[in-house]
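Got some structures for you, see below.
Each of the next two complexes has chain A plus one other chain: chain B in the first, chain C in the second.
After this line comes the complex of A and B, so read on.
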């Protein structure tokens, strides 16, 4: 047998395609490592370390909900393809840090088998099995080391154990899966007789008879190997090290670099609403920039990305992604008559196949899933973030409703996503200001324990919704909102002093400069996105001093507490601020 | 030979309590197995007192054979004296104390109940009902079982409809600290939403908890008492480290409750254990990793973070995977 280190770089079959039935999690073993295999509803097959990152509980006892794998112990959710953690129920108000990501192993589906390599390098390829080997035998687990099994098996036919295939292959090929030091699974492929003759039924009968005959032969071999008196003691089980994780708490989201755009996204589909004002764009990863098949970082509901447009502008777009969807991002772009060049550029110039640079998804508008009832109120293009929330709540079986207001009926967007949600969505078109307020008040009703409302849309709608909610007795912490932008112009008048508590740095923000840019100039890495005080990405904790809030992101209670500010727009009322940086 | 403490023997045979890995056998027929170099096994853990069984589960003239830290021990009750012997060490007698209704011994043979054991004053309050609720064998390490006992986040997912229910999954901030002497972890101001916190409660309510970890393998939980607002009910978990990766979990319930039958209290506690057991037996690694980079913590795990640091500082390793130096 080849050495363990080399074996870890080889492809071995670890399951049959048919083992990954819908909504099942399959337990596989390769070279001592336990793997959780599961197929999402989109057909993608995942091979992950069989441990939840949190407390090491096997994911094979978890729940495959079709798009995410959910741990049985604390309900942590992991996204299809990327294995990123998308939700931690113990802290429903926080998005998990992007670093919380399970270990994935390369998995290829071929010849009716799933092949895995622990560390697949580019130099090692799958064995080149000739066409026609389409019949997968029943796997035979043998309690013996691979070398002993191979020796016994070589009398029966050609064997693949990670090394290149033998040159001549007849009707059968045996494939060995080294599950552990003393556990080997014999898998095998038979050349099918299908379509060899004109009698299809007779060919099938011949195939079945051949499978049965090989199965019996392997079963006899298994008994012989396991009871062989000449066999020495089995080696001890292989010791595998679990990948180490960050010692930092899993939340809140770790600080990223300033306006980094690591993703390259290609336009895969373009759709317009009936009146042409909303452009729906599907963005997929560029194949050549990503080596593996799990390319897009997972987006939690309410997340947005920065798109870097070729004309130099950076714009934020909320993602209308379904839970666990990581093969593409869906955005909606409203054509604005007063556009400063973002929406009009996308509407006029964007074509299928174009490539845009983008940030990873940021989560400033996190959805709590511990509400007894969730109300979503979308105005116009505000539907993108709320559509994602609606799909998430629907899949999770939560109580929710969506009220979607638009100027006219031909402006309703994302109908392919909202349609399946049925009558939980109320569509209201062309309402007057008064009628809009009546509709919102009707949906809000009096506040009851653990009800939450999410507002997204034009400033007027959000302000009206917040005021109505307050009048109806809703507490601030139950009212969540996200503005598209800040209607107020950026005002950088007046300088102030800033102390940084952690780094010990002291700096002055001069008249005419934002706090964010002053921090960056002094070498403090600061994330930002909208730079208008709307998205919450550049939030900083205030330890001392009185902030002068200029954002549209904090609620009244948060403003009154004065313990944080948005560094892109806010300044100081007191001569000096002390920040937790 | 150690002095054997006097105990009061119950007149009638006690009600049956499930004792999973333990079997009753006469001490004279038990053969002496190979002596183990047990003194080399974690001297820190061996200097604590460990529970072996509930006193009420012992029967007159019949030894209870169980295991503690990898070696066999025999507990017997004769002439109203309880004794513990170690057949793997030529049958020497080990020290015994009877406390909280359980038989405890110290593997290092030091007969000093003032160290390596803790106080539980509530047990002696005259109006409390002290019920030995369960002894359950679990294929896990003792520290993993302690962490599970301290953990509130799993209530909605593992004890669904009893100790928690979705969507009330939030673990609120709480206080946790090691006491000044460094002998006990204390978590206070813990609150969790429970669907049926008390027999007479309608609808969900926030229940207050206080957790103590006064011993590396024991934890005590105080929770609001439904029948008396000024008092707290107590549930104590005493883990017997059978092997590195195997425990017997003994549960003591000490409540102000004149209504529930002993059977009802036992049934409740045993159904909770039955829900935890398959989770605990599917944790990998089985031993508790003390390396802070082995598992991803969240704020809700602050008690576990302090507990793991405390075990590291004690130098205790039995049932643990020590952090790399």
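After this line comes the complex of A and C, so read on.
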């Protein structure tokens, strides 16, 4: 066998295309490394390290739900294509850090086989197999090193193990999969007779007979090789470097550059509601990179992205993505009469094919999946985040309802996503303020344990919903809400002192500057998104001192605790604050 | 788990086969099914699976197999002199051997004859062939599991090798069955007792250190069995989650 380092840069067949049936997790092994292979409902074939990042349990005993792979042990969910963790049941109120991502391996589907290379560089190419070899034989695992198997096999037909193939090949071609140092899987391709004659049934019978004949031949070979007395001791099992379980698992999301926009997204589809006020936009990775190569970072339900518009504005849009959907982002943009250039630019200028810069999805509006019953109340364009939650809850088989309020019936958006959810969605159009309150109160009802409500919409709707919920006995922690923005103007009057506990820095936030900008000026990299206290991205833990909350995303209890603040708008009541930075 | 000794202390004369055969024809439907079983028994699991799939209720009498070894004590030996689980009592009938119990339950309660296809000589014969194969799995993979998990004596290396020999046979059969468009061990649209009987010790094999990595068609067949209506798991058996046909109409719009 060639050197291990070279072998790791080579494509080997590790499964047949037909092995990856729907909702199944296939167990594969290559050069000592165990892999979990699974095909999502969209047809994409994933090859991942066969261990959950949490406790190392094999993902091959997990559940393929068609869009995500769920670990059997504690239910961690990983997204199709990206392998990012999208949900941790033990932390139902938090979105997993983006750094929690399983290791993916490149996989190519060709000749009816799935080919994997541990480290595929651009120079690595698939073997040049002539057309017509489409009939994959039953794989025969042999408990012997590759060299021994190749030697025995070469008597039966050409063996492809990286070297160029002979000019002419008969009816069979053997391929070897080095599963481990002393475990080799023989995979063979036969020239299929399908469609060779007009008698389809006869061709299939011929194919089957050929498969059976070769299968018997290989079984005999396997027995001979495994019991060969001349064989020396088998080499020891290959040691694979286990992927590092990230220390960041329990840590906050890595703090990237301020308002970083690493994604380049192309507009793939544009739709408008009947009245033209809502523009639905599908954003896909740049056309140069196919979706297979560059899936988008996974979005958990409730997540939003920053879009950087060519006119220099940065705006936040919630994603209406289906669970596990990583080939595109769907946003909804409401045209605002008082637009400051964000929504009007998108409505008037955006065309299919345009490319926009965007942040990775962020989440300050995480969906719990341990509720006995979840109520979603959307006002207007607030439907985008809640549509994503509704699809997730529906897919997971949870109890939920969505109440969708809009000014008029021709304003209902995202109907392609909401339609299949049927009568779990109640559409209410053109209600008066009083009628809206009656409808919300009817949906809320009295609070029972482990019921949760999510509100997203205009400030008036959220305030009314929170007040009604409080009156009906709902505790703060069961009422989740996300504002589009902060109605209050940014106020930066008055300076204060800040101590940074981790970095040992001491700095002053002067009159006229936000805490966020003061931190950045002193070299503390801080993430931010809306910069008006609505999204929760720039949240900081407060260790000492009394914050002056100016945001709209903390609830009363969180405000009263005073243990965190939104650095983009909030300031200090006490002369000094100590932050966990 | 134990403490039910009184239930299995039965007059040996009643348990006598002759007696049972004489009375079997006359068991009233109202008579309760009583299953002497142990939660972790692979052969008991076969019966539990069929009971659940047929929608039958049976009174469970727990026999403390480990660590109590109640199956080797007089009270149980009176019921089954082989000292093996499970045992089914139905009226005067006392049945040992999971195969016999499966055949009895299917023959009596599965009106359509899908599980035990007696109308078709070939399919019946093939079902019996695979029922016997299930015993091969019990004697290899099942035995390795007893050594690993229940501290029985035995050469676990040899048992595992024997289990792999059997699994290779199963894999070849299932791989070519899949190619022919068949889902189950015995040709036909519906599963038979063969699938239930073989499933238990395949699904539990990893507890005896017998990995199923090399048997992809067998792993897919395990998913199919796990998705049958009425399927119940047991400790060590992981149900596969909903299959593509069962899931509610996809809520994902076609991306294009």
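Heads up, the rule we're going with is that the second predicted complex is superposed on the first by the 561 of 581 C-alpha atoms of A that agree within 3 Å, B and C clash if a C-alpha of one lies under 4 Å from a C-alpha of the other, contacts with A are read in each partner's own complex, and residues count from 1 in each chain.
Convention: a residue touches a chain if its C-beta (ideal position, glycine included) is under 8 Å from a C-beta of that chain, and two chains touch if they have at least 3 such contacts.
Predicted model, so just to flag it, every value in this text is computed and none were measured.
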item	value
Partner chain(s) touched by A:325 [first = chain B, second = chain C, both, neither]	second
Which superposed partner A:88 touches (first chain B, second chain C, both, neither)	first
Chain B versus chain C as contact partner of A:369, first or second or both or neither	first
Contacts of A:405 with chain B and chain C, given as first, second, both or neither	neither
Contacts of A:394 with chain B and chain C, given as first, second, both or neither	second
Touched partner set for A:215, first chain B, second chain C, both or neither	second
Chain B versus chain C as contact partner of A:421, first or second or both or neither	second
Which of chain B and chain C A:23 touches, first, second, both or neither	second
Partner chain(s) touched by A:61 [first = chain B, second = chain C, both, neither]	both
Set of chain A residues, in rising order, touched by both chain B and chain C	34, 61, 72
For the chain C and chain A complex, residues of the former touching the latter	172, 175-176, 178-180, 212-214, 216, 219-220, 223, 238, 240-244, 247-253, 255
Residues of chain A touching chain B in the complex	34, 50-51, 53-58, 61, 72-75, 88-93, 100, 242, 244-247, 249-251, 369-372, 398, 450
Residue numbers on chain A that touch chain C, as the complex places them	15, 18-19, 21-24, 26-27, 29, 34, 41-42, 61, 63-67, 70, 72, 138-139, 141, 208, 211-212, 215, 219, 322, 325, 327-328, 391, 394-395, 416-417, 420-421
Complex interface listing, chain B residues touching chain A	147, 153-154, 156-158, 166-171, 278-279, 282-285, 289, 291-300
